[in-house]
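Please go over the structures that come below.
In the two complexes that follow, chain A is the common piece, with chain B as its partner first and chain C second.
Now for the complex of A and B:
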């Protein structure tokens, strides 16, 4: 099957040839299968944002290639725009990008640019609103009359309305309260499942990522430090620490239990798994 | 201990007439030197409360006193803002100068202090946030955590007795978060500055002396982190969560395990679980 994303020997240098030259990505090779849900983590300046901006043609590789759904993004620079629809990008604090008179027009902006028919646009707007858990009643409101959480969801709906095969979200839960955070993640997971979409989630929250994704890619200083299932990645707390990251708090509890001499398996990263394991250790008698 | 912040039946509405109240008759007292975290869902009134603490917003009803000064008294506004300094979420919106030390000098210069005194305060402020080696740097070359520490230094240079931070780590990565949290703790412990930390991060709140939980403009819970996080159900119903340590203990307790919920820190939680496994 054709891979959703295939990056080969990607290098990106900012301000090349000036005293400010910095290598943001250095010879990265990485691929994502159709339908994977990947978490991308890394400290500030690790290259996460630079990397994801290559997936919809916002950045051009200094060297190397980026293939989206089997096509080289830069094979024909005039065609780059079509990748904006295939790899939908939700930026940080996307609510600051709402601009239209009504929520409907804002969400319809992407599909309209794709040149779709009015009936098709309407269908997609309604579908997108449902995906993010907003009531259709708000479509006629001004986006500026919505609450913070609603604005965030309306902005995400604007990307979902393009039905991108690849959905990329940069810190979609930043600034939201815990319930808002869980809610957004749930809706993203639903889009992932129902559309069999490839989803890339960039986040600083280890707890969020542990709950949602099937695979984690860790970036550090422009290179891939480690890549694997949450279980594999979180089983290397020292490596993560060296990259300025950490493991979920519940994993740290288990690491400490092991230090105390308890016979626990420390590859635990959600509360649910922890409860299961502890109850099994007590012979199911809890 | 002396009280630094006191609200009496504080009420606030963004509209007039008061159709929706952002704060509903809130009465709280904060003694000087305390490290207080304020939690609450989006729209709970956290930021509205914070903005009353340095007179950015004025009460629609009731009153707010900072070191005994009534925020409604316009003649006291500079004294109030000098006593209670504010740090916001986005470091990029708070930095005005192109050199770190000039940015930190902004407030003391406006206060009309003599050159020598400004120099002393800037050096001292940068030292207290661990940014002394960057005083000649350009802010845009700094990381988010470093920029936020410069913003805090800018407030410190006014020598406030209280600092209010409105989600100062929301835009930072884990390293930046740790930098800010340890800076806050050191200002509180070593300099006796009262800290009001508004946050959505339960693990940050767990570091405070006291947590105020707001819900729909009212005070829902007020207590030490251990006391507050034991109310797992109340916290969840207010749209909040508890640290994973307490959540794990809570889930086990629900299954009938004899564990207490006061294992907030990783080591405390592990100790409780260890005793449980050994029993």
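Now for the complex of A and C:
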């Protein structure tokens, strides 16, 4: 089967030839199968945003190739635009990009740029609003009158309305309260399942990632440090530490319990799993 | 595209030019402009060029950077040159229907282009080597006498400091918003002029909203620290003139005088 994303020897250098030259990505090779839900984590400045902006042709590789659904993004530079719709990208703090008079028009901006019919646009806007868990009443409101969390959802809906086969989100939960965070992640998982979409989630939060993804890629200083299932990645706390990251808090609790001699399994990375183990320890009683 | 804007950008360094008092650098830039605009004949221009080359080499600013600042103005430079070549009356060298190329036209165009290039590279050297804070401090101190006639010098320089401070932030913000809209299929590069202008509203509206938000936040932050204008304010870094400053000033005065006089003599 064709891979959703295939990156070969990707290098990206910013401001080449000036005193500010930075190598943000160096010789990265990485691929994602159709329908995978991948978490990309890494310390500030490790190159996460730079990497994902190659997947819809916003950034051009300094060297190396990026293939999306089997097609080289930069094979024909004039055709790059079509990849914007295939790989939908939600930027960090997407609420700052809202600009239309009504929420409806703002969500319709993407589909309109795709050249869809009005009826199709309406259908997609309604669907997208449902996917992010907003009530359709707000469609006629001004986006500037929404609450912070609603703005964030409206902005995400603006990308979902393009029905991208690959959905990429750059820290979609930054600055939200725990409830809002869980809720947005839940809706993203729903999009992943219902549309059989490939989803890439960039985040700093181990908790976010432990709950939702089935694969984790760790970036460190422009290189891939490790890549595997959450279980595999979280089994190497020392390696994560060297990249300025750490395992989820519950896992740390269990690692410490183990150190103290408790007979626990340390491959625990969500609260639910922790509860199960602890209750098993107490003989099945919660 | 946006990265090409080098205006107001400061490149830190520790050369003699970087360490000069900003007042001296401002006066020097002013003298340089005076010299450039009163320059007549090749010797005067040569002196200005020599002056620029000397200062640039001491400041260690890369020549490529100096030329980069010219890129956004290429159109104006070419336009000036063409206009001067064709519309200056004088001895005709070449005629093609209604177009005349004159000897005087070519000479004038050449001098105009040299003048613009020297002007822009010379003045951008000032911002390349002086941090915005130093620059506005310098301006404030130079304009201080105007306080006597009730010019709000401190407020003006504070406004300028803030404006300069926010240029890179706003450029960065513009890029971010442009990328976000491009990701939704916005097209800023094709279509006719009217369409392109219309295509800017998805960028300009969020940009204005965020600029106002930033202004608001900054105002609150300043208020919280009891900012109340210039009266009785002291500085973290008091500026004082050193021997190097006086020598540099003398050097600039000599060059200006030479450039003005050379036009009269030769």
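Here are a few things to note about the model shown:
As a convention for this text, the second predicted complex is superposed on the first by the 281 of 286 C-alpha atoms of A that agree within 3 Å, B and C clash if a C-alpha of one lies under 4 Å from a C-alpha of the other, contacts with A are read in each partner's own complex, and residues count from 1 in each chain.
Going forward, a contact is a pair of C-beta atoms (placed from the backbone, for glycine too) under 8 Å apart; a residue touches a chain by one contact, two chains touch by 3 or more.
As the structure is a computational prediction, the values presented were derived from the model and not from experiment.
Shared-chain residue A:248: touches chain B; no touch with chain C.
By the touch criterion stated above, A:117 is placed in contact with neither chain B nor chain C.
One of chain B and chain C touches more residues of chain A, and that partner is B. In the superposed model, A:15 lies in contact with chain C only, and not with chain B.
Contacts of A:260 after superposition: chain B is touched, whereas chain C is not reached.
Counting contacts as defined above, no chain A residue meets chain B in one complex and chain C in the other. If you check the complex, the residues on chain B that touch chain A are 40-44, 89, 143-145, 167, 170-176, 200, 202-203, 239-241, 243-245, 247-248, 251-252, 255-257, 266-267, 269-271, 273-274, 276-277. The touching residues of chain A, when paired with chain B in their complex, are 43-45, 147-149, 174-180, 204, 206-207, 244-246, 248-250, 252-254, 256-257, 259-262, 271-272, 274-275, 278-279, 281-282, 286. Chain C contributes residues 3, 11, 62, 64-65, 176-177, 179-187, 201-202, 205-206, 209-210 to its touches with chain A in the complex. Only residues 15, 17-19, 53, 56, 58, 81, 84-85, 88-89, 91, 94, 96-99, 109-110, 113-114, 144, 158-159, 162 of chain A touch chain C when the two sit together in their complex.
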